[in-house]
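Quick heads-up: structures coming right below.
Note that chain A is present in both complexes that follow, paired respectively with chain B and with chain C.
On to the complex of A and B.
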C-alpha cells in the first residue's frame, strides 16, 4: 500500500471534503475543550474526524495500483468506519437525549468484533480474496475499483451493524419526536432522517460492490455528507439558540432595571462566594456610592446611620442564617450630611448548608413617605390635644369648683390662724389642726392641677400597659365633680382580673372622658332617677379588653348611628362635633376600635376595644 | 339676742365647712356646720341662727333652692351665698330672692366675716 503520488480531481474533491470535515471536527473539539459540558460536540468531532479518515481511505482505494493495495486500503478503511459508527451513535444519544443503551452497547460490541475480524483476516473482513482490480472512468477521472473477488465469510456482520445503527437511530429519533418541543422535533427529523436514509443507501450500495453486482468505488463519503451536515447544523443551531437566550436574558435584565429604576427601586445582590456587591445604577444613586466602589460591601454599609447599623446587620445576618426573607427600614447618609430613610426587603439564598451564597434585595427611598407619616402623626397629636383642651373646657366650671374649694379652705384656715395669733392665745392644738388642714387642701388642689396639666400637655405618644380600672379611675377623678353638679349618678364597677391593655394613658383617658361626657349629656334629658352612667369592662373578642360606658339616656337615634363618628357631626347646640371622630382615630391608632350601640332595654353602650399586651398593638 | 351669735355653715365640702367654722369661732361666733341643704332643713333649730352661710352647689338641693324653701316657710334668716362658680344666672337668681350677700369661695374670709357682723348684732369679741 502506497500513498498515491498524483491525485485525480476526484481524489482532490474527496481530500477537500476530508479537510472540511477535519476543520469542523476541530472547531467542535475546541468548543468541547472550552466547555466540557458540550459532550455532543466531542462526539461530533469524533464523527467528523472519522469521516475525514473514511474519505482518505476511499481516495487511497481509488488510486490503488494492484489488488493487494486496494485490499489494504479497504482494511484500513474499517478503522475510521468504526469511529464513524461509534461517533454517530454516541452523538445521537447525547444530542437527542434518547436511544436505547443496550442497542448502543451491542452496536459498539459488534463493530469491535468486525474490527478484530477485519485485522485478523486477509485481506479484510469484506473479502476472502481479491483476484483483480479494474480501472474505470468515474466522474471524468480514472479510478481503481475491485475486479474479480470473493466476499468474506464474516462480512454479513457489517450488514447487521448497519441495520442495528438504523434501528437505534430511528428509535431514538422517534422517542425524541414524541416528547420534544419544536426545535427538538426538527433535530430528531433531520438527524434521524439523514442518518437512516444515508446508512441504508450506503450499505446497500457497498453490498452491491462487495458482491460484484456493480463495478464502482466505495462511496461512503458522499453518502455520509448529509448526516454530517445535519449534525453540524443542529449543533450550530443549538449554539445560536444559547446565544439568543443569553441575549434575551441580558435584555430582560435591562428591562427589569429600567422598570425598577423608573419605580425608584434599586436592586442589589451580595455574592457570598466572591464577596462582591452587584447593584443597579438606581441603587448606587440612592446610597451615593460610585460605580468603582460599589463592589465592596463596606462602602455601602458605612453610609448607614450608626443608630440603625446594628439592627440592619442583625436582620440580614438572621436572613443569612435561616435563608429566609428579610425587611428593614433604616437611615443612611449618602453624602455624609443629609439623612434619607431607606426601606430594604429581599431574600437570602443558600446553596450549601450553613453557608449563605447570595443575598438579594430591593432598595427604596422612603424619606418622603416617612416625612408624610411623621406629619400625619404630628397632626393627629395636635388634633388629640385640641380635643382634650376642648373636653376640659366642657369641664371647666366643675374643675374650677374643685380647685376653688381647697383654695377657699386654705384661705379661711390661714385667716383663722392669723386671728388666733393676733389674739395672743397660743392654742397649739388648734394651730396644728389648721396647718394639717392647709397641707391637705394644698395637696387636693395640686392633684386637680396635675390632672389638668397631664391632659393639656403636648406630648409624644407613650404606649405602655395599663389596667382598664386605672384608666376608669383617672376618668372618674376628672368628671366626678361635674357629675355631682349635674345630678348624674356616675358609677365605676371594677373588674380586677382583666389583663392590662396597651396604649397611651392620656389619649385613652381622653377617649373615655369623651364618651362619659356624652353619656352624661344624654342622661340629662331623663328624669333625675334615670340619670345613671356606669363604667365597666370585660374581656372581648380576640383576647381584647372592652372598656364600656353605659347610660340610661334616649340611645342613639336611628338615623345617627352611622354619623356620630363623623367629624363635625353633632346633635348638641354647643360643640364642634369632633370629639367622637378624634376618639375613634385614637382608638384605631391603638389597634383598637370604638363602637356605640343601643341597649335593648334602653340607653346606649359605647365600647372601646383595645389590644392587650399578649395580642400586640397594630 | 344670744342666738344671733349662732351662724350656720352649709357646704358639702368638709374641709371648707371646717375652715369657715374655725374662722367664725375666732371671730366669736358659734358656727354649726351642715353637709347638705337637706340636713339643715331637718334641723329643728334651723330658725335659731343669726345668719346662714350657704354654698350654692350642694350635693342634692342647691343652696338657692333651700333659701327659697326657707322663705316659703316664712323664715327670714339672712342668707349669704358662697359659690365656687361665678355663674351670673345663679347670682341673679340669688339676688332676686333677696340674699344678703354673694361671695366666691376664694374671696377673703375677712370680707365674709364683715358681712356676718353687719347681719348680726355685733358680739363682744372673745
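On to the complex of A and C.
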C-alpha cells in the first residue's frame, strides 16, 4: 500500500472533499471544546473525520497498483466506515433527540463485529478472494477497480448494518417529525431523507461492485456528501438560531429592566456557585448599595433591620432547600438612619447544570403603602377606642353604682370598726370579719375599675386565641348591673366544647357589648316579661364560631335591614349611629362577619362569626 | 308589738351587712332584708321602728317599696339611701313622706341622725296612736244618750238648751254630764272639749 504520487483529477477532487470534511470536523470539534453541552457537534466531527477517512481510503483504492493493495485499501476503508456509521447514528440521536436506543446499540455491535471479521479475514470482509484488478477511465482519469473476485461469506453483514442504519434513522426522523416544531421538522426531513436515500444508493451500488455487476470504484464519498452537508447545515442553522435567541434574550432583558425600573422594582440574583449578587440599578438604589460593592451578599444583608434579618434568612434558606418560591416583607436601613419597608418575592433554583444554586428575586419599596396601612390601622384603633368610650358612657350610671356599692360598704365597715374601737369593746372576731369584708369589697371595686381601664385603654391590637364563653363572660360582667336596673333578663348559655376563636379580646368584647346593649334597648319597648336577651354560641359555616345575641324585641324594621351597619345611621334618639359600623369594621378586620337577622318567632339575632385557630380568614 | 327596730333593705348583701354593723354599733336593733318584697313579707302594720332602704334595687325599687308600705298601712318612717344624687327622685320621695334622703357616702353622723329622727317620729306616732286608742276606749264606755249630750256640750250648748234639743229635763242633762266627766276622767268642760276633738262624735259608735 502506497500513497499515490501522481495526482489525478479524481485524486484532487477526493482529497479536496476530504480536506473540506476535516475542516468542518475541526470547526465543530472546537465548538464542542468551548461548549461541552454541544455534544451533537462532537458526533458531527466524528462523522466529518470519518468521512475524510473514507474519501482517502477510496482514493487510495482507485490508485492501487495490484489486487493485494486494492484489497488492503478496502480493509482499511472499514475503519472510517465504522466511524461514519457510529457518528451518524449518534448524531441523529443527539441532534434529533429521538432514535431507539436498542437499535443504536445493535448497530454499534454489528459494525464492531464487521470490523473484527474484516481485520481477521483475508483480504477483507467483502471479498474472500481478489484475483485481478482492472484499470478503467473514470472522470477523465484512469482508476483501479476490482476485476475477478469472490464476495466474502460475511459480507452480507454490511448489508444488514446498512438496513439497520436506515431503519434507525427513519424511525428517529419520523418520531421527531411528529412531535417537533417547524425547525425540527425540517431537520428531521433533511437529515432523515438524505441519510436514507444515500445509504440506500451507496449500499446498492457497493453491492453491485462487490458482485462484479459493474466495474466501478466504491463511491461512498460522493454518496455521503449530501447527508454530511445536511448535518452541517442543520448544526449551522442551530448556531444561528442560538445567537438570534441570545440577541432576543438580551433585548428582553433590557425591556424587563426598563419595565421593572419604571415600576420601581429591583431585580436581583444570587449565584451560589460564584457567590455573587447580580442586581439592577433599581435594586441597588433601594438598598443603598454602590455598584462596586453590590456583588457581595454581605453588603446587602447588613442593611437589613436586625429584628427582621433572621426571619428573612430563614425564609430564603427554606426556599433554597425546597426549591420553592419565597416572599417576605422586611425593614432595611439604606443609609444607617432611616427605615424603609421592602417586599421581596422570588424563587430559588437548585441542581441547575453547572451551578450550585440560584436565588432570584424582585424587590419593591413598600414603605408608603405600609405607612398608609399603619395610618388606617391607627385610625381604626382610635375609632374603636372612641366607640368603647361611648359604649361605656351608656353604662356609666350602672358602672358607677357597681363601684359605689363596695365603696359605701367599705366606708360603713370602717366607721363601724372605728366605733367598736372607740367604745373600748375589742371584739376581735367582729373586727376580723369587718377587715375581711373591707378587703373583699376593695377587690370588688377594683375589678370593676380594671374592667373599665381595660376597655378604655388605647392599645395595640393583640390577637390571641380566646373562647367564646370567656368573651361572653367579659361582656356579662360589664352589663349585668345595667340589665338588672333596667329589668332585663340577661342570660349566657355556655358552649364549652367550641374551639377558641382568634382575635383581640378587648375589641371583640366591644362588638358583643355593642350588640348586647342594642338588644337591651330593643327589649325595653316590650312588657317586662318579654325583656329577654340571650348570649349563646355555636359552630358556624367553614368551621368558624358564631357568637350570637338573641333578643325578644320588635326586630329590625324592614326598611332598616340594609342600613343598620352604615355609619351615622341610627334609630335611636340619643345614638350617634356609629356603634354597629365600628363593630362591623372590627369583625371584618378579624377576618370575620357581623350580621343581624330577624327571628321567625319575633325578635332579632346578631351573629359575630369569627375564624378559629388553624382556619384561614376570608 | 316588737321593740323599735331599724329595717335595712338593700340588694347588695355586703353593703347591707356593713350598714347593719354600723347601726348595731350605734346601739340600734337591726333587721336586714335583701329586697323590698322580703321586707313587706316580714313586717305588719304594728311593726315599730323605721325603714332604711336603697333607692336603686332590682324588683321593687325604693319608691315602689314606699308606695307598697303605705298601701299595706305600714306607717314606719322611711330613710332613703342612694348611690347617686338624683334630684327628681329625692323630691318625689320626700313628698311621699320620706324622712330623709341620704347619699350612700354620707358621713356616719348624718346616717345616725336620720335614723334617730326616724325612730323618734315612729315613737311619737305610736304614742299618738296609743293615746288615741286609749281615748277611743274611754269614749266607748259612754252610753248613746251620753254621747248625744257630749256632742252638744262640745258644741258649747247650755244645759237648758241641751235639755230642749234632746227633749229631756235639765236635771237629767246635769246627771249625764257628771257621768261623762267621771267616765272620761276630766274635770272641766274645757278639758272635755280638747279630748273630744280627737274623736269623731258626728259618727255615733
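What to note about this one:
Keep this in mind: the second predicted complex is superposed on the first by the 361 of 618 C-alpha atoms of A that agree within 3 Å, B and C clash if a C-alpha of one lies under 4 Å from a C-alpha of the other, contacts with A are read in each partner's own complex, and residues count from 1 in each chain.
Just so it is clear, contacts are C-beta pairs under 8 Å (C-beta built on N, C-alpha and C of every residue); 3 or more make two chains touch, one makes a residue touch a chain.
Since this is a predicted model, take the numbers as computed values, not measurements.
Upon superposition of the two complexes on chain A, a steric clash is found between chain B and chain C.
In the superposition on chain A, contact is made by A:416 with both chain B and chain C. When the two structures are aligned on the shared chain, A:243 is found in touch with neither chain B nor chain C. Once the two complexes are laid over each other on the shared chain, residue contacts for A:179 go to neither chain B nor chain C. Using the contact criterion defined above for the overlaid structures, shared-chain residue A:407 touches chain B and also reaches chain C. In the superposition on chain A, chain A positions 397, 400-401, 404-413, 415-416, 419-420, 423, 430, 434, 437, 440-441, 444, 484-485 are in contact with chain B in one complex as well as with chain C in the other.
Against chain B, the residues of chain A that register as touching in their complex are 397, 400-402, 404-413, 415-416, 419-420, 423, 430, 434, 437, 440-441, 444, 484-485. Those residues of chain A that touch chain C in the shared complex are 397, 400-401, 404-413, 415-416, 419-420, 423, 430, 434, 437, 440-441, 444, 484-485, 487. Interface residues of chain B, counted against chain A in their complex, comprise 13, 15-16, 18-20, 22-23, 25-27, 57, 59, 82, 84-85, 87, 104-110, 126.
Across the interface of their complex, chain A is touched by residues 12, 14-15, 17-19, 21-22, 24-26, 56, 58, 83-84, 104-105, 108 of chain C.
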